[in-house]
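Each of the two complexes below includes subunit A, the first together with subunit B, the second together with subunit C.
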Partner chain A sequence: MIMEKIAELFIILILVSVVLNVSSPFIKFAIKLYSFQSLMLAFYILMGAVHFNSINLYGSFAITIIFKVILIPYFLFKTLKKVKMDKEINMYIGIPEAVVFAGSLTLLSNLIAQKIIKTGITFGSFVFTISLATFLIGAMLMITRKTLFSQIIGFLTIDNAIFLAANSITHGMPLLVELGVLFDLFVSILILSLLILNLRRNVAS
Partner chain B sequence: MHHKLLDLILILPAAALLFSIFTDVLWMSYLQLAVSVLVFLTVGAIAVSFNSITVFLGGFFFVDYINLVILITVSTLELFVAFYSFGYVRSEIAGGVSKRKFKFYYFWKNLFIFSMMVSILSNNLGIYWTGLEATTLATALLVSFNRTKESFEATWKYVIMCSVGIAIGLFAIVILYFTTSQVYGESMRSLSFINIMQAGAKLDKNFLMLSFILALVGFGTKVGFAPMHNWLPDAHSQGPSPVSALLSGVLLNTALLGILRFYQINGAAGIYYPKYFLICFGFLTIFVSAFSIIKQTDYKRLFAFSSMENMGIIALGFGIGGIAVIGSLLQIFFHALNKGLLFLSSGNVLAATHERRIDKIRNLSKNFPITGIVLLFGAMGISGMPPFAMFLGEIYIMTGVFRNDIWLGFLVFILLILVFIGLFGKVLKMYVGKANASDEEEDGELKTGSTGASHKTVIEAGLHPFIVYVPLIMLLFSSFLLFYIPYPFLHIIKSAAAEFGGRLIFK
Partner chain C sequence: MNFNAQHLIIGLIQFIIIVMLAPFFAGFIHKLKQRARGQKGINIFQFYINFNKLLKKELVLSKDATFISNIAPYIVFVTYLIILLMLPAFYRYSLLGISSDVILIAYSLALATFFMTLYAMDHGSAFGGLGASREWFLTVLSEPSLIFIFISLAIFTKQGRITDIFYVIQKGAENAFLTGAGSSTVSVAIPFLLFISLFIVSISENARIPIDNPETHLELTMFHEANILEASGKHLGLYEYGSYLKLTVFLTIMSLILFPYMAVNIYQIPLAFIIYVLKMIILCIFIAGVEIVNPKMRVFRVPNILSVSFILSLIAMILSIRRF
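On to the complex of A and B.
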């Protein structure tokens, strides 16, 4: 029981970090938040691993820490340093509106999750709600912000949401698949960073 | 059939990938020829002796009739592209591009082919996903090969949109995994396609439906279905021409294979309404691309939109079912061939003139006698005109559509005529149009003073013979296939269609 409560705390912290991300224009802070969010995801997976005593989930915890908490934020910081950008200025809607919007998306995903439960299957509905909300808010970040970095953060948020969903309705994907997915994610971040640098250079010259 | 033969399909591109790191570019182009011919022969041997679903490499990979069709398509187009690349590399290096850059070209191209093979042959949906995302990443740096601002922007759009799309596809796989894990428990078996098909009706229908819709939207982004398509024309027009040919011809089909797998799973579980989603997306895609083709001013973008239109037709055919499925399967192969030759021959024009706009290219009949003819007849072929093979695929699909719903048939038919007018009209202008009038206007307006350059006649004699004649051979091959389709290939198509419930009426 107490373990479930702690796991729920981690999940709530994920949602809080995403909403904080919406409310702040600072990119460095956004990357830190992403790292924090991934750490919370990893802890949630760890709780599951301890509870079910599954080697699969321990492995999942380890690779989440390595890729999402350490490697990806590290390379994003490195790119950010080279690009010398600190603030998101190009937004289609202002921050207050975006926060209200994020709140309503959370409500919407709660409704959707309730509806799915009504069809007869019950699973970690709370976690599923949060993961759906994270997914939608990540998509909103991608749509409403123009800077390339914010789009990457939005993409990573969507990805975290899918991992959360995978860990809520099942006990995580098979380790081999998860490793492949994370490796692809990591390489795509490297390529996107490379593209940011090149686009920057082209604009400057 | 030998299992070693099947392993070879994955081993050969991997070997080429390793060679490309250590070998000099010009040597690599010979090696690439050898590898591509070997892959083609291996796939041919498999196709001839194939008789039932075969699992290999520890159950992670398998061959059935459907992925065999796509495998044949990939290996055939790859063969032509390897020969074209042989000439392309030489003419570009003669034109002043550094050798080091082309080393990367072969490296990324082989990585692309390898991950595409992994994705096509995978039995496990998780591995399919990994391979598909890897193709996006491998082609990213090929699309931005020219290192211009436009190409970097196109690559950005391509990577970010496809990655998000494929992430939604991952969501679909997660939900499918949840559904199947109630039958098989949580293990690799729950993701194995063959096992999922066997579970069939035991699976939860609501969740299967949900996973199909997510897969359609997610992988559909990479196929280029209509509302999610706007990365496609940019990415396909910016890369080097051989890469454009591979992207349009086979990568779109690889992504479509994912949707088809989910479609099959739904069919096995007895859910039949996904087909309306396929029809709807297919029609919308044809509609959007037909109007985009008409107002297009860039010829590589024109052909990119035409790929979109053909993917729409193929999806429509799979949705309609019956005889149209045979048309769609034929179309997958014929479209790859025909679109390949269009991109390759337009690449010749681009390489010699460095001009992308349709109204700047005139009088191809004089300056590019062979390439011009290939472009003209290729444009005819791609819109389904008789002396070329795509006529066959399109006639099957249209027959199916007309039988299903006559009004939908009329609408699609009108859209296809629009596409034909747009494509053929524009290419015809490039072929016979007179250059003088428009050039004088341009000079009068802009006063750039570079009149000498624009009046210089560019002839294809300076190009490497391979890049001139490979598209021509592809055109002849495409025409030949209309009159004679080898029996083993026809058998594979029929059997693949049977898995979707399609029937062949005659022969």
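On to the complex of A and C.
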């Protein structure tokens, strides 16, 4: 029983970190928050692994820690240092409006999730709601921000949300699938950071 | 008859103890901040001495002042006293516990702010109007989250009064701890969200550092101080004591969310009182730590952090609705 409550806290922390991400224009802080969010996701997977005693989930936990908590933030920080950018200036809507919009997206995802839960394909309704909200807020982050860095953060947030949703529907994906997904993500981050550097070199005056 | 007399006496003692302790907590936070900066620091009971001194000083009112100036400090002070009468700090049956509706508490806080800003504008000085408009700027932004915090507590426990709300949470935690069975009123996530949300609100309402600095009298940074700039003598004393009481109100609600433990009978009172003081001191250390670490924020960044607090309370409300 107490394990469930603590798992609930981890999931809530994922949503809280995304909301904080929307509320802050600082890119360094956003990368740190992404790392924290992935750590919380990893802890949630670990609790599932202990509960179901499945080797796949233990592997998934280790991969999440290595890739999402350490390697991707490390590369993003390295790129950030070269670009010398510290603040998101261009936004389509202001921060308070974006935060309130994120709240309404949470409400919306609660409504949608309750319809989906009635079909009986999920067993963690709470997890499903939070992952849907995280997904929508990540998409909003990609739409409302103009710099590539914030869009990468939004993309990574969406990826985390899908991970969480997959864990709420199944008892963990097969390890091979997860490894493939993470490797794809990692390569895409590398390409995007190269793109940022090249854009900076060619376009910036 | 005997039973009710016991509630009456212990409720009164509880009220007097909280009111007497209020300047101590404010002084403790101040002392901690000064020691962290490397200063020697004030006497920890300095605010009692200040209050005593201010009561003896002469009262000066502006020639433009109307009757509002004469009644406003008393209304502000008494409003905070009434809210403290409702709160079950360490004894479950507080004196006004039967009428301690959460909406009433939220709007009593707004009433006190209303009369303080009226007082500020009544004197006809330019700073008063400036302070009043800034104070309302903050209050309007933080009030929705305060209301949502209270409403989500009410929905979570299906109770309306603040004494019943925390008693239900305490009972649920006790049952879960003793029997290990799950209960609908046990949660880690909802109190966590409410605590963070209420912490942000209390920092903004009590004029603490990331949002306002109560120690300066620089016109560019004044929020709370600009309202009481014209006050002197007894009025200033009442306002200062009122601000300590307001801090105590917020800290008490936060301590109840953090770890609700209220005495039900007379034998549990010593333990409950010790736990209450410990919780308050931990929260004071927490607030002082936040004040030391953070610089003062730009005024136009304040809506960002207050909107985060609003969304956190909204999420808590969604979660508590989902339990049905």
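Quick notes on this structure:
In this text, the second predicted complex is superposed on the first by the 201 of 205 C-alpha atoms of A that agree within 3 Å, B and C clash if a C-alpha of one lies under 4 Å from a C-alpha of the other, contacts with A are read in each partner's own complex, and residues count from 1 in each chain.
Convention: contacts are C-beta pairs under 8 Å (C-beta built on N, C-alpha and C of every residue); 3 or more make two chains touch, one makes a residue touch a chain.
Computed from a prediction, not measured in an experiment: that's the story for all the values here.
Clash-free side-by-side placement of subunit B and subunit C is the outcome of superposition onto subunit A. After overlaying the two complexes on the shared chain, residue contacts for A:Ile70 are found with neither subunit B nor subunit C.
Legend: residue contacts after superposition of the two complexes on their common chain; A:Leu108 is shown touching neither subunit B nor subunit C. Once the two complexes are overlaid on the shared chain, A:Val19 sits against subunit C while remaining clear of subunit B.
In the superposition on chain A, A:Ile93 makes contact with neither subunit B nor subunit C.
When the two structures are aligned on the shared chain, A:Ile143 is found in touch with neither subunit B nor subunit C. In the superposed model, the angle subtended at the C-alpha centre of subunit A by the C-alpha centres of subunit B and subunit C comes to 150 degrees, rounded to the nearest 10.
By the touch criterion defined above, A:Ile158 lies against subunit B but remains apart from subunit C after alignment on the C-alpha atoms of chain A.
Legend: residue contacts after superposition of the two complexes on their common chain; A:Met3 is shown touching neither subunit B nor subunit C. Comparing subunit C and subunit B on the residues of subunit A they touch gives the larger count to B.
Note on the superposed arrangement: subunit B and subunit C approach each other to a least C-alpha distance of 23 Å. The part of subunit A that touches subunit C in the complex is made up of residues 1, 4-6, 8-9, 11-12, 15-16, 19-20, 23-24, 95-96, 99-100, 102-103, 106-107, 110, 125-126, 129. Every residue of subunit B that touches subunit A in the complex is listed here, in rising order: 124, 126-127, 129-130, 133-134, 136-137, 140-141, 144, 147-149, 152-153, 155-156, 159-160, 163-164, 167, 170-171, 173-175, 177-178, 181, 186-188, 191, 204, 206-207. Interface of subunit A with subunit B (complex): residues 56, 119, 121, 123, 135, 139, 142, 148, 151-152, 155, 158-159, 162, 165-166, 169-171, 173-174, 176-177, 180-181, 183-184, 187-188, 191-192, 194-195, 198-199, 202-203.
Subunit C contributes residues 176, 180-182, 186-189, 192-193, 196, 303-305, 307-308, 310-312, 314-315, 318-319, 322 to its touches with subunit A in the complex.
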